[in-house]
Structures are given as structure tokens and as C-alpha cells.
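Alright, structures below, take your time with them.
Shared chain: subunit A. Partners: subunit B in the first complex, subunit C in the second.
Here is the complex of A and B:
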């Protein structure tokens, strides 16, 4: 396990403990009667209630769907923006500034603002997508820029066309950096999706909001745990992907 | 002109954007087919710019470049480059591709069949002296010298008539560099390409070039001549200073030991008998003599023990300290004689057959002639 994974797992565990302590404090403030019927986790709700399984599955599915559409659209838009930035060098600064600006808008405000113009789903996706652009564009440009000059010079000198150079030389070499960007974008989006619950979406986030609304803490805990698990699993998957895509980066012989 | 593809530069000029002074000014250069021409000069002399204009990595601002009589602007850039091998100092192997894939780059782009590509790749790694077991490795698993060999193999893959090399051996250590230089000459003897090579190392230029073009800042051609012609008779102060103070020493690396007259010298064949050897010793001004038996050099003897013995078999000749091959350069011969502190080096071929002696005086005469 790498250091980054240790950090991810550790961070998740700390978050859970904090959530549990907070929930406990809330419960302590309740009257005896409510507390008796409302412990932090009601296992019978999680495991015995028939509808729970479908509800959790639907929420997870929606969470993933919102995440993947946002990251997918973000990737397409970022690829286009990166292509422009790589062709016209001067445009990199304004593109970075613009995506950086998008990134700084508070998500709650953006969801609400967009909702007044579009439907809920479109509003959520537009906002989520815009948050992925900064890290994706930055990593795509850095990845292509990181290809050694000698390698592109040799590619040109051997007579590779521009598109062939990009597809067969530059992209494969930039892939680790690009995938690293996708990884960060995906994990952040998983977290942000939860907040879309304020406009009646949010997958696992809606479960958490629901729990707050009804003071049914089991839902909060289950929603949080699943959300963190989702992020960690996706993070690990991208890590595997990165390793699979770059076999050449690890086979080195001591000279 | 000899066989092969000639390259002609006529009035070639390059002024880079934002610069008032041209990097290359009205350069005329004729590269004979099948020859190695070395471009050399101080940094800023436009030697790399000139090289890169030949495969249009840089477009000339003026003038004409023809390859085999055909203007290079008449062909598409990618098609032109695929017909010109290109080797650079940093090699620029594709790190994510195996050695086999790297070498196969141009044939694959040209749409060769798989079998043909495989055969060609194996042929090439043999040609550049690499082991076939390296084919499935990645570049990072190879040493610098091996990588440079792969770079040459990749450049030669589609059998281009022209090879451009930009300081190809600049990044490897001096021992490997010397070996790669000799290998390039051996390779050239087999493939007969028209090679334009850029270097800043005058020794490399002298060893590799059939002709050497010395460029001054701004791409001014100071002299274009054979290495020997240039070393013997520099056209200008600039060329003389660029060639350095050791011009004569450098010329020595252009001549072989076998170029010298090896017949003379202070040695005698044992078949002449004891009296014959004594007579030869009497003629030797140095007071010592080399003994040869059946085309083998036995060793050195001096006058005093020779006078004392009753038979040649009683002599105890001292083994030679300096031995050299006929194909070695005079520079190597000089080096060996000086470091062994001998007065002469024994010349023997691969089989140990005695070919003659080289003395310092013979080297001096070789330089004068």
C-alpha cells in the first residue's frame, strides 16, 4: 500500500470517528424516549427492512451516475481546452484562470443558481463538470508538456504526422499524469455529488440529508460510509489502471 | 560522382523569427553520394540548423536544398523525413515502446507487412551489433551505448539513402564513443549511405569525415576539405585555431601503420646464423637488435651478451614492450611507443605474424610525406 492510500484510508477513518462522535453528542441532547427508539445505527433498518436494499442500491447507482457523467463530460471538455492550449500557447493562461475561477465558486450557490435556469439534473451536472475542469486541463497539459523534447524531436524527424505523434507517442507517455488527474477529479466529484441533495438529487447525499431532516441517524451513517467507500474504491481502481497502462515505467534494470 | 544520393545546398539562408542576424548565411555545400560529411564549428555557427534544414525540421528562409537532384520542397514533409534517417544526441527512443517496436517505427508507418518488419528488425539489430534478446526490452533497460545503437538501427529501418546525425555520440563516455565511431565506419562500409554528421569534437570530425565543413558563427563556411587536407593546410586563422595546436598529432590519426615503409629497421632473421646476427649488430647504431624467427618476433638482444654466447640458442632475448597492428593509426603507434618507453614498436598482424618495426623517426617521416 502506498503512502497516498494510507492517507486516504486514514482520512476516511478519522472522518467516520468524527461523524460518530458528533452523532453521539446530538443523541445525548435528545430526550430519553426518542433516544431509546433512535440509536445511532439501527441495524434492523440496514439489514432487515426489505426496501432498504433497493433504496441503498438506487442511491449508490445515482451517485455513480452523477459522478461518471460529470467526469466524462469534464474529460471531453478538458481535452478540447487542452488541445487549444497546446496549439495556442498564449491561451493557456486565460484557460487556467477561467477553470480556476469556476473551481472557486461555492458549490451550494452554483447548484441553486443553475437550478433556476435548468432542470435539477442538468444544473447538477453542469456544476459538477465545471469543478473537474481545473485539475483535468492542468494534468492533460502537464502530461503532454512532460514528454521529453528529444522524444518528440525524434518522432518528427522520423516522419510521424502530427496526429500520429499525438496518438502513438505523446498520449501514451502523458497517460500516467492524465489518469492521475482523472483520479483526483473523480474522488472530489464523489464528495461533491452528495451536496447536490439540496436540489433533490445527490444519491447517497440525499440519504444523509434525509437522515438530518428526520433525525434518523442510521441513514446519515450509512450514507457517509458508502460515500467514503465509493471514493476509496474508485481511487484504488484508478491506481490499478495507471499501473496497467504504464508497464514500461517500472521495468528498469540496474546498470 | 560516386554512387549514392548526393545532397546539394545552394545559397541556403536561415534567419529565425525575431532575429536580425541570419543563423546560416548563403551556404553552398555539396555532399557527395555515399560519403560522410562532418559539419563542425563553435556553438552558434548554425551546424545543427543546417542539418535540420535538410529534413525540413527547420524551413530555410532562402536558397535551395536538393537530394538526388530533387528539391526537398517538392515533397511532403512526412514523406521526405521517412526517406531520411535521423539520429540525435539524446537518442529520443520512445520509452513506452520495446526496442523492436522502436526500430520498427518507420516501416510500420510505411505499412510494411508484419513478417517483413520482423525480419528487417532482426537484421538491423545484428547490423548495429546488438543482441536479439534485447528486442523485447524497454529503452530504460539499456545502457547509453546500447540505446544509441538502437537509435541508429531505428534511423536505418526503412533503408533510407540519407542519414542525418546530430552529435550522435555526444552523450556517451569517451571509451564507448570511440567504439561507436569505429562501428559507424564499419557500418558505412556495408551500407554506403550519404551521411551528414554534426559534432563539436574535432577528433571525431577527423576520424569520421570523408570531408569536413568548418562553419563560423552565422553559418559562414570557412573551409570544406578532407580532414588531411584541412590539417595540413588550414584555409584561415579561424580554421587553424579551431583545429587546435595539435594539428600534426591529429593528422597522425588519419594514417595507418601499414601506410609506412616497414621493411627497414634494426632487426635480423635468425636464419642468417650467429655470424650474420653479429654482423647486423655491428651495423646497428643503437647497440641492440630485434630477432625474428620464421615470421615471429622473438625479442630484443643487446651487443654484450651477443659477444659472449657460443650459439644463438644461448641468448635470452627481452620480449617486446610495444606491439601494434598494421591497421592501427600512427597516433596509436606514437602513444604505444611513448608509454612503453621503447624506441620502436613491433608490428604484428592478427595471427602474430611479424610485419616490421615502427620507430619514432618513421612516424615523423610519415607526417612529412
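Here is the complex of A and C:
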């Protein structure tokens, strides 16, 4: 496993270096004014144009901002919904049905519909938040439910109050499943944020829309590559977080 | 009701009934037909590509790593990226935009859920049923077609349903890249700030997606034998795969 990891990381690093060298070679002798015959990627736009850096940074920042506000709000709402569902068992079915229904509404439609009532940002955040609920509630409830009965019995036997049992016993044990839910919700939201370009937001998605509007392919390519990269990086980060939060899982493997 | 310029309908109900103002836009049945046939072709291609491959791979216990990679890639690559890249390729090569680039993008979107559900479903078939069939002298093909496929059908059907809903919900995005279809109302409404038209487009798009979802759930109830639906069991590997799989991102 470690050898495979080392190979993967090494291969990735080599590929990155080669790609960077190749890209530098592409812009050798070019400057910002160079007008090639509309190639797919204008490397001078990517590397030499001064404004590109701030534009890309702004787009990435907006993308992350929209994502994290939505996932944050979604987490708070889902925690409340899960608490209700865990206390009142009968409410689990309607809550799941409702969040599932929200998930079925096409994002293009929901962004448009909310935009007809609210401003761009509010419309985008409300829609994005509502899409995170299904995965988050499902994983939160499954995580707490998955705590073995023997463990909760032991906690009760020790005389822990219900809230203390939840915070100190059930929540830590449920954490891997909850973080897995956060991971899926975050990566999904990163993908959906791109579509908010239809209501003048979009983060990196706005590059794709601009590029299409002005027939400037470089922007489409850069926007596409960066949005995939963002999703992959966040996915890997949550993967590490899962491992960090559950040291016992690794220890068990090691034994 | 406020909002809307003078002379424009102020909400979607008025928009639907206001035939005069709407004369410039393409008629609803035409746009709906475009969306439906783009989606239908994409769903058929997804079924033809994903289901047999996943059944064979899962039967031979091959490609588990590939299956989990497909889940992750399907989740990480944003819809808009697929559409954007296909648009470049098709415009540069003079293929135009409609309909094939759109359909290919929709196929790429639908493949992961269909593939992973089918794979997980076949992996989850009760091993004793497979052993019994083998003991009776069934060949690999017979086991796949007569034992695994029927038993896995409910979960396969759920995967195809997820893919179909995702496809039909995403097709309107193509309108923002110059295609026609139900998304055209959203595009023109958003660009002219005619929010009645936006609402009408949103209602149409959401209506079609929800109709497809409910229609396929109903079709599943009618078509799949009850015994099979009940006995859908999942093995540990199948559960692990399905836990990783995100529901459709529309």
C-alpha cells in the first residue's frame, strides 16, 4: 500500500513538473501581445498576462466562498434536522422525503426560480444549501445509528447524561461517517457552484461561460481544469481528515 | 404582484396564458420535445454502454478499483466542465453544437451512476443463489443472464433512474451554450430580466425532471416482479460502494 502510494505521488509530481516545463516552453518568445491563430490554449494569457492571476484568484475565491457558506449552512440545518429525526423516529421518513424532493429539483431551475425572488447571492446560497441536506442528514443519522448498542449501554451504565453521551461517545464514533457525508456534499457543491454562472456568479464556472460568450477557448480550458482540480483537492483533504479523525481505524489495520 | 416591466406578465401563470407576448419564443411543446429526445437518446446510450459492462465485470469480480474510481471521477468532474470542453471541441471542428456534443456530455454524466449501481447490484446478489446455479451446471453467461441480472434488476433500475433524472435535469444547461430546449426560456428570461419567463422555464424544467423521476418509480413498481424487489440484498462490498456513491448531482 505504501509503495503504491509512493509511486502515485511520485508519478503525479513528475507529471506536474513535466507539464510545467512544457508550458514554459510553449510561451518562450511570446508576449502578451502575441496573437496566435486562436489555439485551444493561449499560454501567454495564462502565464504572462498580468490580470489573469487576479482574475483566476477572484474566481477561485468566489467558488470556495459559495461552496463553504453553503456547506456550513447545510451542516447546521442538517444537524438540527438529524437531531429531530433521531429523537422522533417517525419524522425520519418525511425529512428524508423532503430533502430528497429538494434534491430532485434541477439546479438550473432552482437557481432561476430563486433568482426571480432574491438577489444573485441569496438565490445561489439557498439553492446550494438545500442540495447539501440530503447527503448530510443521511450520513449524520446513519453515523449515530451505527454506534454499537453495547457502547451506548456502557455509556448509560457509567451514568452519562443523554447530551453528554451524544457529545463524548456517539459523536466521535459517528465522525467518520459524518465526515464522509461532508466530503460528498462539498465535492457535489463545488460542481454545482459552476452552474451558478447562469445567475452572474459561478466562480470558476464563470470563466467557462465567459469563454463561450467571447469564443475564447483558453478561458474554458482553464476554468474547466481548475474546477476539476478544486474538487479533487477538496476531496483529498477530506480523505486525510477522515484518516486523522479516526486514528483507531489505522491502528487496527496496523495490528 | 410587482416586478416585470410594463406589458410583461408578472408571474409564470400569466406567462403561460399570455399567448401574444410569448409569440416570439418557440412554442413549449417543441422545446419540450427537444429536451426529451436529447435526454432519451442519452439514457439509451448509457444503458447500452454501462449495464452490460458492469454486469460482466461484476460477475467476474474484476475492476472493483475501477468502479470506485468511476464514482470519484463522476463526482469530481463538474457538469459544466464536461459541457464546456465538448463545446470547444465541437466548435473548433465545425461539428456545431446540436445535438451530438450535448448528447455526449449527457452520456458522460449518466454513465457513473448507472455503472456503479449495476456493479454494486450484481456484486450484491446472494452468493448462494449463484453457487446453486453453478452446481446445476449453468455457464457463466447463463448465471449472468438468468440469475444475477434478474436478481440485481431493482438496483440496476434505480441506477438507471438516477442517471435519467440527472440527464433530463442537466439538458436545459445546454441552452446556455446556444442550444434550444426547455432551458431556452430560462436563458432568455434571465438575460432580459423577464422573471415571469424565468419562473415558467424553471417550472417546466423541474416538472419534466420530477415527472421522469415519478414515472420511472411507477414503471419500476409495475415492471419489476415483487419477489425480486423484496429480495434485493446487498453484500458488504455493494454497501461500501453505494455508500461512496453520491446521489445524482443535477
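Methods note: the second predicted complex is superposed on the first by the 216 of 255 C-alpha atoms of A that agree within 3 Å, B and C clash if a C-alpha of one lies under 4 Å from a C-alpha of the other, contacts with A are read in each partner's own complex, and residues count from 1 in each chain.
In this text, a contact is a pair of C-beta atoms (placed from the backbone, for glycine too) under 8 Å apart; a residue touches a chain by one contact, two chains touch by 3 or more.
Everything quoted here is computed from the prediction, not taken from an experiment.
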item	value
A:96 touches, of subunit B and subunit C: first, second, both or neither?	neither
Greater subunit A contact set [subunit C / subunit B]	C
Which superposed partner A:221 touches (first subunit B, second subunit C, both, neither)	second
Subunit B versus subunit C as contact partner of A:52, first or second or both or neither	neither
First, second, both or neither for A:120, with subunit B first and subunit C second	neither
Contacts of A:208 with subunit B and subunit C, given as first, second, both or neither	second
Contacts of A:246 with subunit B and subunit C, given as first, second, both or neither	first
First, second, both or neither for A:150, with subunit B first and subunit C second	first
Touching both subunit C and subunit B, counted on subunit A across the two superposed complexes	none
List of subunit B residues in touch with subunit A within their complex	55, 57, 77-84, 86, 88-97, 105-106, 109, 137-138, 140-141, 143, 151, 154-155, 164
Subunit B-facing residues of subunit A, complex	148, 150-161, 164, 169, 172-173, 246, 248-249, 251-253, 255
Interface residues, subunit C side, partner subunit A - complex	3, 72, 75-81, 83-85, 87-88, 91-92, 165, 168-170, 172-173, 176-178, 183, 186-187, 189-190, 195-196, 198-199, 201-203, 205-206, 209-210, 213, 243-244, 246-250
In the complex with subunit C, residue positions of subunit A that touch it	40, 103-110, 112-113, 115-116, 134-135, 180, 184, 187-188, 190-192, 194-195, 197-199, 205, 208-209, 211-212, 215, 217, 220-221, 223-224, 227-228, 231-232, 235
